[in-house]
């Protein structure tokens, strides 16, 4: 009897708390979603702005009171963007530079990261620390000297000059090395036993295992080609080699040196589209690539 | 390994240290010898202008088929400056570039700009592909055809030599709401005292308005020093002379206006004042001083039937002394860079001469760009004359603006250019905007401090 | 680990990277040091045949600049504010994202979007959001044409519009805008890293905490944060390094004058100072400033590493 | 193929640079592993057994000494060229490859005259898979397999290129108890079937004893004893070996020898003629106790654990080095712990004397007690 009543009481208590808990939980989730959605709106606003600006007329864009919804939707801006900027050529150039530099950069990054992660040599730690230290130097300073270097090499207005100087990225090496370090040492030993050379082990085992990181490096590198501006403008600004961001900046200048922003925005939107799609489809890899870099050690 | 590295570095070091040296230029005896040369031309033209350029390059190539012109739209004027000055450090500069006097002063640090006097005065005869000939230098008529103020700009570098040729120009003009002025019986101010009265009257009629908007405060300051004849800068040391009684006085005067609500500037307002001028709400400007090349931005948005809410009038900016009119000369000139191959320099000169002395090119380019031509003879060009004749405050506002510019051709001034002149320009811009809102008992002291700060900044970065 | 006579082999693997780094990184650094020690070195003047004295004049000139301290203060203030705020906010967002199921993927994508977009557009948008168009100062003259979207929101909630970046705006207001913008900019990368870290935390820890009926906040501070500490350390260290190099974001909002119209240079930073020197064609001074900045970053990073050694749980 | 280890020594430079002390992982190891035998390398962690294995594999180079496979000196030969198979503690399967690809991987690396055609490779892989009974799992990824299955894949991968030597590094330690028992039988079976000389590293003495032809007991880089499992158990060379082998572990007492008589405390338990007088450590295997009311050794029992056929009596004794003395006696002999004392006599061949200082075995001649 006593036992029973106790258990009943107990049950009721549980029910009570769980009802309260449920309400609390719902409230918490409501809070979480409200927070996330608010932040998402803040993050999205500039994109919204870019899109509505891209369909405004120049007059409307220049209004001192900006309109939040275009009075008139000018899809023609997109057509104009495509033709005035000769986007086709720019796309091809950017693609060539992007693809070639990505491939070469990946090879170099893989080799270097492998040496730092798996091979033993004198001064390894010191060299790696020195590499990391270079990340702290304001990059603008490199431009002056590098410019005179590439001119000495006679590389001005070539694809080479757009590709070679930035093949080595300490950041990518760092990312990949972290990734390599997390591959268990036993795999390396096993591969030795199985009769592989270092070289074969690198390409057959480590590289496939680091695919997510490599994919995110690929995307970052492609984005770099897409967004690079100061250097290409300086060293390869002829029609044959001009890259996309440069083309955008140049194409929409009118006589007063003013920029036709709506058309430029349209062009920016057009140019961002491929990157955006790539991002949406490969999000999983980018995520795991960056996060897997793990930051250990 | 270590040794290898150090040798490598030493090698690079030497590469970095040796500066490109150029032989002194002399006009070749035969002028242009017809050899194959490729010349590069950096500009800021958009696609509507490069179309015009293409056309004239084609015509030029009929005369000189072996001179290949490659042009490049580098971006803004500042972009051209940055690009060229970096290229100069390794001796890789283009042949011709759009330039402002400040830029040339910068390039002159490297002694990279070709002085043109020898070429201008050259009597050498050059034979063209079609068998005809031309004088390498400028003929009397060609020289006289340039609008004097524009041509003089190329010689403002302290040594009297000619460094640039004017390419296409603009200036500042006063835009006013003609409809409003006529409706209220206002007269358009021609001097600053009248401007003050006009502003006061407008403020009475429309208390919520800001009667005058001035886009470029730097231009305003520099133009005022010219109009007063007070000092601004000098091409020789000491360079920065703008801290003087007259300048402080006019700034104080404008500051009083500002505090009465008479005026605003682009910086103070937060956007181009043309936005205020073309506005149809009650918060608006009735006068606006801005670039003559931006006339279309000073036109209000058209009504549905194609008419405009009000008619725009354009006139010369107010003056201190009507007998000594001063308006700023803006817009690109072109300069030619030194090269080891004298043929490149001569070819560049031929091309520059072709563009700057061609009435047709100047006319067409001006109509496409909104800038004004640098030649007086352009009004003999039929198409351009027709264009000017249509001038009105609506559809042909650019023509109206051009017309006003041509009428004040005698008033153009340019300020001295030297390394640091652009800093001075930046600093007086900041200075004017800083001083306008000052009020209270110690305005004079505040203004004085602001002037001293500006001079300090100039001296430091110099 | 296999011991190797493979020294040479390792160097072979490193060779491409080392050669490129030598030419395009090491040499520029060496050259920077060289330029910093040539008084008043200017590439253009050098091209014109000028010679320069060897000495520490450039460093003196940098330190003597009457706004040097201001540049330094701005840089430090921006770091000190933006790094903790953006890290904390990114952490909150990452934790929130990690705790939900529906919409998680969509929201993730949204939060990473800024990562793949052109920065030109973003800066323009932010300036427009904070920009107040109109005249201030002097009561008769106070006319606001448009207060900017941010002020519209403030007014909607009954607040007074703030002069954020325009004429007569306060240093506080300017800094606030910069902090908001920089934080916004820094979020995607940090969220990406932290969310990745969160997802790799073993769920058992949370289950254990649930069994121990630990409250949410306690779980957050005692489990999530310590387990995430390597990523947090990484995000903070890179945040500081980036923060000390802050420049373009300020140009994005205030333009190259680096301040509101009445006080140009008020928000100038160390890198801004380097750029100013470069555009004045004084590479010597720019190099000296860059080396000073490098020194500062190095010290801060070493301190950071020292702290994280004690605090980070691997 | 026999393996000969000659004066094998491995010295690691100290990790702590400041102290600068070197670590001798393996010290002067001499041994000849007969062809076709399964050898267990046994010892606590850090004893150098894995290092020895890695030196045989070539993954680590000895600091001094030589290694021979048959008559060939392989000391300088790199791992790839030694033709060995190695199974790692955590299997080290390539996570991105299927089981089949994992097994094929070593074959694809064969060069020169050893090179196989695709068909040959597949046949060999099939055969290896069949041998370890995973031929149903060939298309799975390692992450889709259980621990035991992964272990088999690892063995198949090691066997597929028909190595002359198979090395196993703690192959069972990641498995649960039942699977461990089963797999070790499996390993024994496969080794017997293939006749490959096999070296097996473990810290589990039971595991080593149960399947090895010979065991090598190591401690701190030094070989303590080599022999057949039973021999080593019955005739341990020193206290360490005696303690390390056997479950439950041997009981150790402080004792002394006076005039050929062994005393534990004041109890004279055994005649040990030939042993010199002095303090000794005494080891008595749990099965060395006989319940005997007249026995010389009296203990205070705490508990009796019934283990089926046997019972284990847990008691205390003042001279014991451990808190407990554990004896295993036949269940039928009826241990009674209610009386407060239990008396034992000792089986002489289950009692060992060790030097207090060196831990070395002190031999003695067994005489009748009493």
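Note that the chains are named A, B, C and D in the order they appear, and that numbering of residues resets to 1 at the start of each chain.
Basically, a contact is a pair of C-beta atoms (placed from the backbone, for glycine too) under 8 Å apart; a residue touches a chain by one contact, two chains touch by 3 or more.
The structure presented is a predicted model; accordingly, all values stated were derived computationally and were not measured.
Enquirer: How many links in the shortest chain of touching chains run from chain B to chain D?
Expert: Minimum number of steps from chain B to chain D: 2.
Enquirer: Counting C-beta pairs in contact, which comes out ahead: A-D or B-C?
Expert: B-C
Enquirer: Centre to centre, using CA atoms, which chain is the farthest one from chain D?
Expert: If we average the C-alpha coordinates per chain, B ends up farthest from chain D.
Enquirer: Suppose each chain is reduced to the average of its Cα coordinates; what separation in Å results between chain B and chain C?
Expert: Comparing mean C-alpha positions, chain C is 37 Å from chain B.
Enquirer: Roughly how far is chain A from chain D, centre to centre by C-alpha average, rounded to an integer in Å?
Expert: Taking the average C-alpha coordinate of chain A and of chain D, the gap between them is 54 Å.
Enquirer: At what distance in angstrom does the C-alpha mean of chain D lie from that of chain C?
Expert: 59
Enquirer: Could you tell me the distance, in whole angstrom, between the mean C-alpha positions of chain A and chain C?
Expert: Distance between chain centres, rounded to whole Å: 17 Å.
Enquirer: Show the residues in chain C shared as contacts by 2 or more other chains, in ascending order.
Expert: Within chain C, residues 2-3, 11, 23, 27, 31, 43, 133, 145 contact more than one other chain.
Enquirer: At least two other chains touched by the same residue of chain B: list those residues.
Expert: 12, 16, 86, 89-91, 271, 275-276, 279, in rising order.
Enquirer: Quick one: which residues in chain D touch 2 or more of the other chains?
Expert: Chain D, residues with two or more chain partners: 59, 79.
Enquirer: Quick check on the complex: what are the chain A residues that touch chain B?
Expert: For this pair, the touching residues of chain A are 59, 62-64, 84, 144-145, 147-149, 151-152, 156, 233-234, 237-238, 249-258.
Enquirer: So in the complex, which bits of chain A are touching chain C?
Expert: It is residues 28-29, 32-33, 35-37, 39-40, 42-47, 49-50, 64-66, 68, 107-109, 111-112, 114-115, 119-122, 124, 127, 131, 133-138, 140-142, 144-146, 149, 164-168, 173, 185, 188-189, 192, 198, 223, 226-227, 245, 261, 265, 268, 271-272, 275-276, 278-280, 283, 286-288, 290-292, 294-297 of chain A that touch chain C.
Enquirer: In their complex, what parts of chain B are in touch with chain C?
Expert: So the residues of chain B in touch with chain C come to 1, 5, 8-9, 12-13, 16, 19-21, 82, 85-86, 88-91, 106-112, 208, 210, 258-261, 264, 267-271, 275-276, 279, 281, 283, 419, 423, 426, 430, 433-434, 437, 439, 456-457, 460-462.
Enquirer: Sort out for me which residues of chain B touch chain A in the complex.
Expert: 12, 15-16, 44-49, 70, 72-77, 79, 83, 86, 89-92, 271-272, 275-276, 279, 291, 293-294, 297, 301, 368-371
Enquirer: Which residues of chain D touch chain A in their complex?
Expert: Residue list for chain D touching chain A: 54, 57-59, 78-81, 84-86, 88-92, 94-96, 105-106, 109-111, 157-158, 161.
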